[in-house]
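Look for subunit A in each of the two complexes below; its partner is subunit B in the first and subunit C in the second.
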Partner chain A sequence: MATLTFTRDDRYNAFITMLDNAETGPGKLSGIGIAIKDNISTRGIQTTCASRILEGYLPPYDAHVVTLVKKAGAGIVGKTNMDEFGMGTTTENSAFGPTKNPADTSRVPGGSSGGSAAAVASGMVRMALGTDTGGSIRCPAAFCGIVGHKPTYGRVSRYGLVAYANSLEQIGPMARTVSDISLLMEVLTGYDPRDSTSVNCPYAHIPDPDIRGLKIGVPEEYFGEGVDPRVASVVWDGISLLERKGADIITCRMPSMAYALAAYYVTCTSEASSNLARFDGVRYGPPADTRQTWHESFQERRRDGFGTEVKRRIMLGTFALSSGYYGKYYAKAQAARQQVRNDFLRLFREVDVIAGPTMPTVAFRIGEKTDPLSMYLSDILTVPANLAGIPAISVPCGTSEGLPVGLQIMGPHFRDERVIDVAYAFEQGVSR
Partner chain B sequence: MVSEKDVAHIAELADIGIEKEELAEFTGRFNEILDYFDILDQVEQGTRGGTDLVNIFRDDIVEDSLPGDEVLANTLEKEDGFFRAPRVM
Partner chain C sequence: MTGTADTAGQESRVMDFSDDEVIIGLEIHCQLDTLTKLFCGCSTDYRDDGPNTHVCPICLGLPGSLPRVNRKAIEYALRVAKALNCTIVEESEFARKNYFYPDLNKGFQITQYDRPLAVKGYLDIEGDDGEKRVRITRVHVEEDPGRLVHKGGADRAKYTLVDYNRAGIPLIEIVTEPDIRSPKEARKFLNKLRATLEYLGVFDSEKEGSLRVDANISIQPRGWFDREGKGKADRGRAEVKNISSYKGVEKALTFEVTRQKNALRRGQRLGTETRHFVETRGVTTSSRSKEMEQEYRYFPEPDLRPLRVCTWADEIVLPELPDARRARFITQYGCSPIHARTLTGDLRVAEFYEQVAGIDPVFVATWVADTLLGELNYRDMSINRVSPDWFRELIVLVHKGNVTDKGGIEVLRSLLDQIRESGSCETPGVCVGRLGLRVLERTAETMSEDDPVVKAAREVIAEQPQAVADFAAGKKEAFNFLVGKVMKKTRGRAKPADVNQVLLAILGKEG
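Moving on to the complex of A and B:
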């Protein structure tokens, strides 16, 4: 056993809770300090989801992934800032103040795993855990210039993850190199009976940069309306690099992209309206007033405890599931979700991976995005992978206006190894 | 289009407790977002919904659970090993 000690200089507000030191042991992650997003339960360490409603909550158990990283010898450095319950694309929706982007402190780091991304990008930690419901690992990875991977749905246990939208979200690795992503995937994957969607599919792989003959599909929709032409140009340069390394580039179509964002927001808000009903002040968080009636106490607690975006999403989901509207919103969203899945399954019969930008723009200025719909629209390129449950990685691919741009690689279900190989080939190609 | 009255009703159903002065702002944003969701009207009815996934159940075997004092550690309102909750009636 060794003890890691940490500096408490958190100039980017990346952490909600910082520890002074951590025990590390032998194993694949021996001696490595790791940051954990604050919606992942850590026994005895405050876990808030960046919400007032969970302030002071000390989980009585570790999430499965926390048990795994500890067992692999890593030391937990602290809990990172995020958009409240994962609801946002900038890490501005935090009860603990916004995180700043280490690449440019006037910019957001992306979200919702913005604290994890900033902690890694600034060198405070070597690696971090994030969670990705609609792009929350890949967006901040792209905006901060690091690597972030959303594993195939089911490959990493969600036991101990505070649920927001169960059918979409996965815990995944964030790091500065693809090799570290691969290393962390070895530790995080595998069967856990406590998550009923867990699949027994361990990852044991050494990244291989040989992509000769690999077919890379590039959907036109990933370079369509709303995508900044300067970002598109940087990403095309990246795709050309993969072509020079021997891959075949094939342009293709994904018609279901027209519905993907609406399908995503109807689904995630519906699931949130149910999941967040548990925050009533009875079992954790600032306490309910037991002299009041149930509804009075419940409403008061949630009025004071939840931020605006969380309230909005709970109400949108309540509305989408309400009698008379279910068929118009939720049922249609599930049909659209199936179309997205079908589009990917069709494309993966013709190509090995799909590539495009991770985000349609570079990082926004802090305070720039004030209306929720325009914020939602920036998730258009990341949500399809969550709707389909496929693996997707974002790897740094140069800059536009001096700010990082991410190249996104998506692959078929349970082919995380393949998208990691392509990201590795790209990373090696850039650094040569 | 939803009205401020509708939004107040949804807030009541969701036990979300929003303030009267917030209603106009919430209603405006709500309608912008719902207008965007209208694109789902174009999704063909024939598209199969749901998934081909099946439920996974485990055998109903009693296992160890967390000790009661740890479960109750995050609340001040407890009595005889139970959580105290607000009045239901």
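Moving on to the complex of A and C:
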């Protein structure tokens, strides 16, 4: 056992909780300091999901991934800031204040894993765990100029991840290099009997930069309306680099993209409205006022404890699941979701991976996005992978207006290795 | 309000209630008797332990915890579905039922909604008019919520405590079609269901709170229901929630029949309402909760995969069920159909009977079905508290004639009272001695005055000169009268045959 020292100067407000010392041990991650997103349960360490409603909550158990990284010798240095319960694209929706983008402190780091991204990008830690429900790993990775991977659904146990939208989210690695992403994947993956959606598919792979003959599909929709042409141009340059390394570029279409965002927001808000029902002040967080009747105290606790965006999504989801609307919204969203899956399945019969921008723009200015709808629109390129459950990585591919741009690579189910290989090839190509 | 002259006229046209029928449908929740909870490894044996001692992150619904299906609970439920002759679906799915309540750890209950484990079954029962089939709509599995404890009673409590020991206990929900036609039939259905569940080894009815029943009840013109609710207007119905005992179901429904009949007679319109059974007062009261349909926002549980249960169901082999055992008791032991039904109506009784039947199956059947169960019922005791060993000893004494039937019952009562008082009892032999109930054995054919039967007979003859004279005059009844007097004098310990013989000997000689 050794104790890790690390910079405690949190100038970007990347952390909600910083630990005084991080114990490290032998193993694949020996001596490495790792930051954990604050929606992943850590035994005896406050886990708030950046919400007032969980302030002071000390989980009595470790999430499966926390057990795994500890066992691999990593030292947990703290819990990172995020959008409350993962609901946001900027890390501004935090009860603990916004995180700043190390690339430009007037900008947001992206979200919802903005704290993890900033901690890695600023060099405070070598790697971090994020979670990705609709792009929450890839968006901040792109905005901060680091690598972030959303694994195939089921490949990493969700046990201990405070649920936002169970059917969409995965825990995944964030780091400065693809090799570190690959290393962390080796630790995080594998079967966990406690998660019924867990699949026994361990990742044991060394990234291979040889992509000669690989077919890369580029959907037109990923360069369509709403995508900043300057970002599009940087990403096209990146795709050309892959072509120069021997890959075949094939343009294709993904018609289901038209429904993806709606399907995503109906699904995630529906699940969230149910998941967040347990926060009532009875069992954890600041206690309820027992002088009131239980429903009054529940109402007060939830009114005061949740932020605006969380309340908005709870109400949206509650509405979507109501009888009389279920068929109109939730059921339709599931049908659209199936179309997205089908589109990917069809495309992956013709191509090996799909590439495009991670985000339609570079990082926003802090406070720039005030209209929730325009904020939701910025998730359009990341949510399809969550709807389909496929692996997707964001790798830095240059800058636009001096701000980082991310290249997104998506692959078929359980082909995280292939996606990581392409990202690695790209990273090697850029650095050479 | 509908108190216009017009509606009053309409009411009067349906004022004839002679041809009404009671329509009852039941929704039964039973705790499945698994070792661990439905979605975690916590023990289900919580009843004697302190509050919140059988809990973990999963059954507390702590953030980040995930449910994992206890395969045993599903197997148990499938056994039930099979025994109830249900169609087991290809693929079954859990769903979330969302509502807020302090005993609900996650703000939703994991249950089943549109894809239950099994549908369309039946259970044959002894109905009011003979054998009857009650159709089963569906069988599904869900988790029990926690329990609220109102310190000092629900009305006066200053605060309420929550105990999550019960949270996550597997429940099976069985829904019947509205095929039951009387409160008594409802009771019989529940008894048969309980027996079936216990035979399957999936349920322990003796555990407190292991059964809860919701009953739908309405009174409709005869045949209304069979015409699928067509014809005269639906007269509304009541759903009586959360009845927690077998006797309570019959009581609550009987109360409802009277209440609804009275209301209809007075010309009131009965809407659809939820009522609560107040066990202590034997009445149902209208729940003050919202009249509108609850909004549960069901959707598929995303943390659990659908279960391909049809493949599991094939592997399930059912044990002998009550009907089969009843048939066997008739053929194997020669039990009367009525005794066979009583003896097999409760697994423990059936097993108890089989342990002691060897002495003389028909004789023992009467003793267990009529005598023992009657005495237990009178004392509200379970057969679990009767040891087959001492019961066997008692039966042997009676069977051999060492104790008369009447004496045997006296001993049984004494022993049961002892068990109820102190938890244990003396042996039947000791009890017989203490109570002086051993049958008076006639040593020989002698007419010696030392023989207690002879002594008693002589005393009676001396006391009843009129009867003796009547007998001498040829009145047969007079003899029976004298026999009765002798039996009484010997406190039932004399054998009737001995009394007959001695009386005849004396009277014959003297006459």
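Please note the rule applied: the second predicted complex is superposed on the first by the 432 of 432 C-alpha atoms of A that agree within 3 Å, B and C clash if a C-alpha of one lies under 4 Å from a C-alpha of the other, contacts with A are read in each partner's own complex, and residues count from 1 in each chain.
Please note the rule applied: a contact is a pair of C-beta atoms (placed from the backbone, for glycine too) under 8 Å apart; a residue touches a chain by one contact, two chains touch by 3 or more.
No experiment lies behind these values; they were computed from the predicted model shown.
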| item | value |
| --- | --- |
| Partner chain(s) touched by A:40 [first = subunit B, second = subunit C, both, neither] | second |
| Partner chain(s) touched by A:345 [first = subunit B, second = subunit C, both, neither] | neither |
| Partner chain in contact with A:158 - subunit B first, subunit C second, else both or neither | second |
| Subunit B versus subunit C as contact partner of A:290, first or second or both or neither | both |
| Touched subunit A residues, subunit B compared with subunit C | B |
| Partner chain(s) touched by A:329 [first = subunit B, second = subunit C, both, neither] | first |
| First (subunit B), second (subunit C), both or neither touched by A:204 | neither |
| Contacts of A:318 with subunit B and subunit C, given as first, second, both or neither | both |
| Partner chain in contact with A:258 - subunit B first, subunit C second, else both or neither | first |
| Partner chain(s) touched by A:2 [first = subunit B, second = subunit C, both, neither] | neither |
| Overlap of subunit C and subunit B interfaces on subunit A (superposed complexes) | 57, 60-61, 193, 196-197, 273, 277, 282-284, 290, 294-295, 298, 318, 322 |
| Interface residues, subunit A side, partner subunit C - complex | 39-41, 47, 49, 54, 57, 59-61, 63, 158-163, 165-167, 193-197, 270-271, 273-274, 276-280, 282-284, 290, 294-295, 298, 318, 321-323, 326, 330 |
| Of all residues in subunit A, those that touch subunit B in their complex | 56-58, 60-61, 193, 196-197, 258-259, 261-263, 265-266, 273, 277, 282-285, 287-303, 306, 311-312, 314-316, 318-320, 322, 328-329, 331-339, 341, 371-373, 376 |
| Partner subunit A, residues of subunit C touching it in the complex | 57, 60-69, 96, 98, 100-102, 105-108, 159-160, 162, 293, 295, 297-299, 302-305 |
| Subunit A-facing residues of subunit B, complex | 2, 7, 10-11, 13-19, 26, 29-30, 32-34, 36-37, 39-45, 47-51, 56, 58, 66, 70-71, 73-77, 83-89 |
